[in-house]
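You will see two complexes here that share subunit A, one where it goes with subunit B and one where it goes with subunit C.
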Partner chain A sequence: MPRGVGRGAEPPSEEISEGPRLWVRLALLLPFTAILALFFTVPLVLMAVISLSRQSFARFEWALTFKNYVRFFSDPFYVGVLWDTLWLGFLVTAAALLLGYPLAYHLARTRTRWKPVLLVFILSPLLVGIVIRCYGWMILLADRGLINGTLIEGGWISRPLPLMYNQFGVGLALVHVFLPFMVLSLTGVIKRIDPALLEASMTLGASPARAFWEVTLPLSLPGILAGSLLVFSLAISSFVVPILLGGFKVYVLPIIVYEQILSVFDWPFGAANAFILLLISLGIITGYIKVAERALRGLV
Partner chain B sequence: MTLATGNDVELRGVTKRYGPILALDTFSLQVGAGEFFTLLGPSGCGKTTALRSIAGFITLNAGEVFLKGTRVTDLPPHRRRVGMVFQHYALFPHRTVAQNVAFGLRMQKVPKGEIADRVEKTLALVQLPRYAGRFPRQLSGGEQQRVALARALVTRPTVLLLDEPLGALDKKLRERMQVELKRLQREVGITTIYVTHDQEEALTMSDRIAVMQSGRIEQVGTPLEIYECPQSAFVADFIGNINLLRGTVIGHAEHQAAVDCRGAKLRIGALPGAVAPEAVMALRPEKVRLNPSEPLDNDLAATVVHLVYLGDSVLYHLRSDEGIELQALELAQAGGVRHQAGTRVRVGWRSEDASLLPLTSSPLPRGERLGEGG
Partner chain C sequence: MERTGWGVRLAVCAVYAFLLVPLVVVVLAAFNAGNYFTFPPQGFSLKWFANFLRRREFLQALWLSTELGLWTAALSTVVGTLAAIVLVRGRFRGRDLVNAYVTSPLLLPQILTGVALLQYFSLLGLAQSYWALLIGHVVVTTPYVVRTVSATLYNFDLALEEAAQSLGASPVRAFLEITLGIIKPGVVAGAIFAFAISFDNFTISLFLTSPGLTPLPIELFAYLKYSFDPTAAAVSAVAIGITLVLMLLIARFMGLEEFTGF
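== the complex of A and B ==
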């Protein structure tokens, strides 16, 4: 964006540092780039090649065919699983946003000296190992678990509520662990919104709710964007939680990939599955960024 | 000076406590229609709290707020119809200049065509006619200030509240904006309450000034009254540069008092009413004459201790033979500095140029006035 240089514009600062020299910057980038190239890009390319190969009678053959992809999209089961995976990702993201926003707002605005403690509370799901966390939820959610057990004992219900081995249980456990990513993404952005902006909108006649809608929410969009992308991509690639709390009744693409590669030994089809998930989530993320950017620019 | 008939803004006995701190202490204020009223004081004196209680951002512990005679004490900010300009402008960064200005009109559900028309007119008023499509970050500080002003004015509020709006600008721009702001205020004729800690700003723009300290008003008056007849040592000291000499009142007639200061007998102007035995004499440096051609009421022998050359004037730091420290301001002569450091001079001033103030800084009862008056 060109900066206004109308009357009274401040002269540009002359102390803009040019930063380190080019070769220093390249040298600093090299280690990470090398690791990424060696252990990420190469396997990814390999996987792409494998996904175009053929498996016949449990024997792997190099080839160049789109058969695996055709098979995926012509089988309603796999398309259904893809849809379920994306839908689960959407639900988890939406829930994390709705639950996380008030939390993040409070964390950004509070002046209590207990703020570090609040932060630890918010990060606490990440401090517990994934398997332990899942078994914790199982104790709570199982048919004879704490919640159902108590409700049945108390005579409020006769049959256990379906809390686990379904999308609800998986979603709940995913929201629990991904909430910190959403909250932290939002907190930083909300903290930078000048409270005077809200006051200004109120003196101009906006009710508190309207001021939130017109000022706070649009200005927190970068945080909503970052948090949603994080949570969505983590949720659709999650594997352990859907297995433990879904009990193979909730199928998501990562489980299919796992089964194809480690149980069925159909590497090409497994690789194709993984690639489809990758490409579709990339597509969704790109679309989301585009829409959000437009919203950030216009906003009326 | 506008008299308080049909006040646009009135505060009655407003009290606000923040924990143990009393930000406003039974604070009362009346601002007349069309008046440019300034709340002046050091940081922490409660001036911003007073402004924010008019806007409705503060829940009061006691007292009432009236706008145009209507009690608004319990009304939330968005229903008070005040316009406010914030210290750092608080422009909506995600909206263009035109959208910023249109915001208040949109909230009032003004028809679209009228919004466009009024936004355009108001932007012309603040001399930013071709800036409608720009974003705040593309504007300089002074330009953002004008947009903030346009945004506050376009809704035709009952009162315009300005919270140190020029604080973030550099000196030259600040002086230009002072003139501009005053012109605008007069043109629109809007009642304005201005908060600042800058006494020069207060003196140049205001119809009336309230000097505040510790949540109370020390003195209300026109800039001339505040400068010429400060009613307390605090006001005298806060506005401009002044000599404050502590002494004992030894004689007291109808139009003159004599004060003993370190053994020197000083004569001071008219004093209706009783005076405490211990008092402070206030004397502006520009009223002090060095080597006066004719004898004045007060006459001391002194030495120039130090001098500050200010370009258009010279400030002399003097010590009299009795040990009284005084400052004297003289316009720079053609020859520049008249007296060098170390020179002996005679120091004089007329008794009516000095005023006698009570020792404490607490405000005097209303109407009682010390000094020469008017």
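== the complex of A and C ==
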């Protein structure tokens, strides 16, 4: 009997191999789950506990207090940084969606034999280290960088344009860094949309533009949601880009975490900041998993 | 169905340019003679590469990153492949839960993993050790291996393994000779990917680094905070070259379309 005949109709016979036996399964799973438990879950729980401790006279002390959270939410500076972070994340996500959609659509539909090259183009920024990508933008955007330097030498402008060490530079580089994630999330979903649907709508008289708005776009909504949640969650937790292209003039929550942990050495407050970021991310991740599941189920 | 208009094509080309320009610029700056890279370039020079080779800290960092990447790839490939086999083949309750758990380090922002590991290792007295760096890298690279190997396992026809067993092979032998042979491309691609992720990792390393144990991205970051000269471009160009070679290897073993999941 062929495998996978109708979904949800699992064959009742148990004689067919059902994968490895229980103890084999456990033994195979154990190495990585043990590593994860010891070096991922326990450390995160510990971080949550440390965020409830206190710092006195520059020394760390175990305690059970919400003081760090109260300090964060009662200080306009930190609350302002939190809003700035979320706003920047929103802008970056919107820009990545606008730039990423045409790219994903083209990638999903094209039959060109250059497709592997296009995939290398999309993946290469993803795999090249984030510091190097920031450096590329610094070379382009700095006051004496490629754009400003060329414009000044050519006599087009007399003073450098403010391209870096502001929100513009940070946002631009963030879009660049996370665009591949958006494209990869979108392409899979767009590819699974049956082109026949589009053709049907057009033989029924819809213009290509209308067919896109009423057929393709609604059907790619799960991919749009999944990609947006992913990019947003990555953007609000990035700190290399804001440090290098913001020059400590653009403050975001991860920079506060970085400073508290590695410069100020206020572990409890740093951990509280990290935990706030963690809660936001967890909320987004839960949404992402639900959306991604629905995207797969609805379109297969 | 080739109905993409010129407007869309132009937009697509522009976005590809946006993706590639910053990387191209770094490589060009590395070969440019001047201190600042403007257009037109000030002439071809290899002096920044010579400068890179003269600086011991960069060479040591390059070596550390390579070694760390190799160890990370070896460890994460073994534990990741084992986990992937159970997750794809086993039908048991809670499989989705285990699956989500195993890939969770991918979804959680790395800065949180980094902070948590730093505090944990400090309390254990293990911070600032090679072990801390290695474990941190294994935690974040293994989920990628699990995903890559799973992708090849899904396409694998179980009947082959059953055939081997009905011909008298033990389950272990059937696995080693049939299954492993067929999923090898995925395992190799996963290993290369793990190396690439580790080699370029910045966030985890930043929290677990210590004097004398600085991977290349951290060394580069420290350098860029205080100076802007194109030696950094030469270092970056070398790293970009290594990444490109790794990606071509992945393409050769697995095919990039299967690798990205579409």
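The working rule: the second predicted complex is superposed on the first by the 246 of 300 C-alpha atoms of A that agree within 3 Å, B and C clash if a C-alpha of one lies under 4 Å from a C-alpha of the other, contacts with A are read in each partner's own complex, and residues count from 1 in each chain.
Heads up, the rule we're going with is that contacts are C-beta pairs under 8 Å (C-beta built on N, C-alpha and C of every residue); 3 or more make two chains touch, one makes a residue touch a chain.
A quick note: this is a predicted structure, and the numbers were derived from the prediction, not measured.
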Partner chain(s) touched by A:G205 [first = subunit B, second = subunit C, both, neither]: first
Subunit A: partner with more touched residues, subunit B or subunit C: C
Partner chain(s) touched by A:L219 [first = subunit B, second = subunit C, both, neither]: first
Subunit B versus subunit C as contact partner of A:D194, first or second or both or neither: first
Shared subunit A contacts, counted only where both subunit B and subunit C touch the same residue: 3, 199, 208
Subunit A contact footprint on subunit C (complex, rising order): 1-4, 8-9, 11-12, 15-16, 18-23, 25-26, 29, 36-39, 78-80, 82-83, 85-87, 89-92, 98, 100-102, 104-105, 107-113, 115-120, 123, 135-136, 138-139, 142, 146, 158, 161-162, 165, 171, 196-197, 199-203, 206-207, 216-217, 220-221, 224-225, 228, 232-233, 236, 239-240, 243-244, 246-248, 251, 255-257, 260-262
Residue ranges of subunit A touching subunit B (in the complex, touch as defined): 1-10, 194, 196-197, 199-208, 210-211, 214-215, 218-219, 296, 299-300
Touching residues (chain side subunit B, partner subunit A) in the complex: 55-57, 76-84, 86-88, 90-95, 99, 103-104, 107-108, 131, 134-135, 137-143, 151-152, 155, 157, 161, 170, 173, 176
Contact footprint of subunit C on subunit A as seen in their complex: 3, 17-20, 22, 25, 28-29, 31-33, 35-36, 39-40, 42-44, 46-47, 50, 99-100, 102-103, 105-106, 108-111, 115-116, 118-125, 127-140, 142, 144-146, 149-150, 153, 176, 179-180, 184, 187-188, 191, 195, 199, 208, 233-234, 236-237, 239-240, 244, 254, 257-258, 261-262, 267, 270-271, 274, 277-278, 281, 285, 288-289
